[in-house]
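Common to both upcoming complexes is chain A, partnered first by chain B, then by chain C.
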Partner chain A sequence: MSVLPPDLDATRFAEALAEMRQAAGADWVFASDEDLGPYRDSFSPVWDTQRERLASAAVAPADVAQVSAIVRIAGRFGIPLFPISTGKNFGYGGPSPNVHGSVIVDLKRMDKVLEVDEARAFALVEPGVSYFDLYRAIEERGLKLMIDCPDPGWGSPIGNSLERGIGYTMGAFRDHFGASCGMEVVLPDGEVMRTGMGALPGAKTWQEYRYGFGPDPAGLFAQGNFGIVTKMGFRLYPRPDHYRTALVTVPRRRDFVKLVEQCNILSDAMLCGEPVYASPLMALMGNPSFAALATKKGGASDAALDAAASEAALPAWQVDLQFFGPEATTRANFAHARERILSAIPTATVIAGEDFPLPATKEQLANVAQPYRSSIRRHGALGVPSLGIWKIVREDGHLGFFPVLARSGEEVFRMQRVMGDALHEFDQLPSYFNAASAPLHWHPHAFQMVFAPPVKRADPAFNAMVDTAMRRAVEVAAEHGWGDYRAAPIYQDAVSETYSFNNHALRRFHETLKDAIDPAGIIAPGRGGIWPQRFRKR
Partner chain B sequence: MMERRDVIKLGAGASLTLGLPARALAADTRPVDLWVADSRYPFAGAPMAPALRAFSIDGDVTDLWRDLVDPLWRQPGTGLAGLTGRDALFVLEQLAWSRGRRVVERASYAPETTRLPQLVRWRIAPHHPSTKAHP
Partner chain C sequence: MPTIPHLLLATTGLALATLASALPAQGSPPAQQEVARGKAVFARHCAACHGRGPGDDGSAHLPGTAALAARYQGSLPGALEERKDLDAETLLYFVRHGSGPMPMFRKTEVSDADIGSIAAYLAASAASVRK
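And now, the complex of A and B:
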């Protein structure tokens, strides 16, 4: 108990923990330094510094009644709580809180898959359920349903969707919060509320009609701090019969503009899954002269990049396409995509990939039989949870800044140039924004690009440089209309600051709500950049 | 009944070639329920402690977790030990924390290279009262 909650002395904190032990069980309140180790952010760039935000204790309730009881105890003592589902939010703060000395509410014991309905394609789960758990529940029952999971898949559907996490199947399911339907929430006064049709006693449509009647507050609980979500529904994808892939390459840099336009249409019309973009020129980044060209300040000319591609006999861009559905439908959608793209870009090359019935075999999941070099991570693409991505993570983890940009080739080129120039001075970092950097089409209606600098726990000077680079990236991106979609607690205020239209009207609105619902800041004060009056004064 | 497996005996030549201290590959007589070997390291193939079962990974712990450890860790008990890359141990340690287990021993050996992460020899044991096997 070396860390105390704000405004509380050790005696009063001990009284609070004693009450929490009464509520959740003596074995489920953790306060020793050893027991609190797992609640530190393993990827923190401020590890063991004054800026690291540590928990004072953690409590793991078993059910909703215990969550309510803990919230009421915290309210009486004025202790900020920080709820986590499985605490695997790595790159975005892990399980660490916004306020130093918060008590973590670890919801791992609430791990029941409460309902899976095959005919109506939804699931209702508790926060401690992981994607592995939900996948297993569906498999064990032999249901023809597919989940959409992040990669890695050890997080929870509730935690990931509340962070607005994403997956890799069809657009309607990739946006995990967008694919949620109905939630149960413990409010800051301990009251239990249900959203949408869950508010109507006896309704059988809680997981099917999200709105109910009147305003739908569900969005306030994503990246927010207005309550602790204890149940949540998710729409599931009726497992398609068949999966088919194809690769499209285009020879010139500017062909990318038309390629994106065509893929947007295919995606918006729900004719394909996630288009996975890449530039084969990335393979040349080990060549110093090409690397210098691709990272040139002000941007390299299209002609110079096309010449480099031509010399290396590589296309400028490629996109992996994926088709789901009945076998004949995937064939027809592939034929349509080929015709559409070749009509727009006659110099494009379209290569048929694999196709096979679902569920995939282990070999098919390994994605080793494509007749081309594919950028698809097949587990994620087919909604099969995996931990394999950790094989490619080095150092002591990384941070994540994924600015949102419009789905257009021109905008991608602009972000490459602007962000590349802004981060040019940070030459100890890999080049994340260069002429071969591709956008991610994770969210169904927006692109993102990647800035994920590594963290080295034993090298504080390196981490300080990374921290400076992160803040610069957030600031410069915002100057050009690009905002981060998700951030670690230590960066949430900086990101919130950039969403500043009309003198921060949105943040002031959130603060007004927070002051009304949770003036003492019991639930995750500071999360999403929303501080209650009690903490705003500091 | 625990089956005692043969403990790997590596020649000094192998250790020297890899630059590893002998203790990295020394036999451990303490039994463990499951030994995890990382096939990316050529010498890490057989259990170095008496183990009920052994499981080989290539750095990716997905199958190990899904098929074996996740179901086992839903019950009390089950200790693990292994010689793996630190990337695999990172994942197992995170999972262990969420299931009331702890890494109780760890020793790092060969430094990380561009090809392979640092090699770590480790043990994971039940820690939380709910995970300790009843006598």
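And now, the complex of A and C:
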């Protein structure tokens, strides 16, 4: 054990680990450098530097009673714990903690799919369950339910939703925390609490009515540090009969404003799944003259961009549309979408894509038969977990900054220009904000855009540049009203700092709660930018 | 075969010793049970990236298989199930240390004994590949 918890000497730490071995079993406490290697953030831009946050040990409980025992032991010794589920939060810190020397509570052994109810469309799972596991459990039982999963399927429904991760099916399910219903939590004093109807003994509606009675504290456990979530329920999508796709293109740059307005209506009325936007002009970024135009400081003019599109015979924008439901309903919704969009933008082109009954065949899942170039990733769109997305991971991983912006074309143009200008000097990085950068409609009611710079473990100077760019991006975005939705521990304070209304009233409220519930800072101090008094003074 | 730095081998010595004791004796054919177990572990933890099937959305290969095919340029197969050179020590090193975009895997996900089983499965799988 080369790293110690804060304020603890080696003798006391050894005593604490001995107690944890008693609680979880000798085989499930890891303290050697070799065993702790995989608890480092493999995507870290501060690998092997003073800023890297390393664990002092890891402990893997098998059940909630063991979690509770570990929390109580940590409380007696004043050891900060950092819970992980499947540990796959890559781009946002992986399994690494906020506080150097924390003990990781590795919940991977708690991997039971406790319940899946087809008739009432919910699941109850433990933290070590992955999306692959949940999908498999549903398939093996032959249930007509669809999950909504993020790109890499090795993540945990609990861990991902607590990080406010997203997916790709219908809006109500894409927001993974929003689709959760009921949780069990081990509090910082080791008590076990259930939220919503789980607080009412004998209730059969824990996964159906999330509120129960009185304030619902569930939100405190997402990106928070008020307890360790040991069970969580999720609403599931009754598997639709049919899936239908279409592509809409618009010729001019400013057509995007109306296109977004129409897709917002379709989406908010629950007539379509995720609208997937792209600009065909991105294909021109390899052309130096177009790249110079698309990344021009202050932004290129609409006329210049339209001229470039016209010269290349490309539309300015496109959106992939997706419809779920009975076959006739998907047909009607597609017809309605086409009529609505063509009424608003007469120069738009609407192309019918593939449609087929669900579940998809292997060939349909392979997504090689669209009559146009689609931006949809078929596995995610149909709630089938995969690791196919890992093909985009280059070097030694990447960071993730996904600022939240309003769903409007004008706002997209503004973010392209402002963030493009702010990051212009970082010319070793790909251009993430340019005139062809499209928004993501992952969250049902907001857009996000992407900044995901690569990390090179063997090139500290490059990583330092990336780190500077990340901080610049967070600051400049906030100056324009755009905030990050999720961040690695090394950036959580910087992001928290930007949510500063009324002299950080929200953070002060969280700190007051933290001081009352967890004064010694046992559960993930610093997570979400929330520090208990013990650590605030440092 | 990729070279594992001697220093790193030294640091993993204890685990390798433990692993070796869990494996069938060298030279003996791997037990069918061990191969079957390894196949199941490979399917659960490795195949989504390193399997032989096509990748998503028109990609020829899954990401890990594509990356290794690109790295070896035909000198070795991209698919792990066709590799004859992946003993338990080599697998243990890459599973615990990762490689480029591939992260490290913890013992709570894949145990040392699991890795031994994967090695047995890959050996059997590679042996059955038609030339």
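Note that in this section the second predicted complex is superposed on the first by the 538 of 538 C-alpha atoms of A that agree within 3 Å, B and C clash if a C-alpha of one lies under 4 Å from a C-alpha of the other, contacts with A are read in each partner's own complex, and residues count from 1 in each chain.
Please note the rule applied: a contact is a pair of C-beta atoms (placed from the backbone, for glycine too) under 8 Å apart; a residue touches a chain by one contact, two chains touch by 3 or more.
Source: prediction; values computed, not measured.
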Practice prompt. After lining both complexes up on chain A, report clash or fit for chain B versus chain C.
Written response: clash
Worksheet item: Looking at the overlay, what does A:P251 touch: chain B (first), chain C (second), both, or neither?
Response: neither
Worksheet entry | Partner chain(s) touched by A:G483 [first = chain B, second = chain C, both, neither] | neither
Worksheet item: Which of the two partners, first being chain B and second being chain C, lies in contact with A:R377: first, second, both, or neither?
Response: second
Discussion item. Looking at A:A366 after the superposition, I want to know if it touches chain B, chain C, both of them or none. Which is it: first, second, both, neither?
Written reply: second
Worksheet entry | If touched residues of chain A are counted for chain B and for chain C, the larger one | C
Worksheet entry | Touched partner set for A:R40, first chain B, second chain C, both or neither | second
Practice prompt. Mind working out whether A:P6 is in touch with chain B, chain C, both or neither, as first, second, both or neither?
Written response: neither
Worksheet entry | First, second, both or neither for A:G87, with chain B first and chain C second | both
Worksheet, complete the sentence: Note: overlapping chain A surface for chain B and chain C spans 37-38, 42, 86-88, 108, 132, 154, 379, 385-388, 390-391, 393-394
Worksheet, complete the sentence: chain A partner, complex, touching residues on chain B are 58-62, 65-66, 70, 87-88, 90-91, 94-95, 97-98, 112, 117, 128-130
Worksheet item: Taking the complex as given, what residues does chain C use to touch chain A?
Response: 11-12, 14-15, 44, 48-49, 54-59, 62-64, 66, 96-98, 100-101, 103-109
Discussion item. So in the complex, the part of chain A that touches chain B is made up of which residues?
Written reply: 27, 37-38, 42, 86-88, 108, 132, 136, 152, 154, 379, 385-388, 390-391, 393-394
Fill in: Interface residues, chain A side, partner chain C - complex
28, 30, 33-35, 37-40, 42-43, 58, 60, 86-88, 90, 94-95, 106, 108-109, 128, 132, 153-154, 366-368, 376-379, 385-391, 393-397
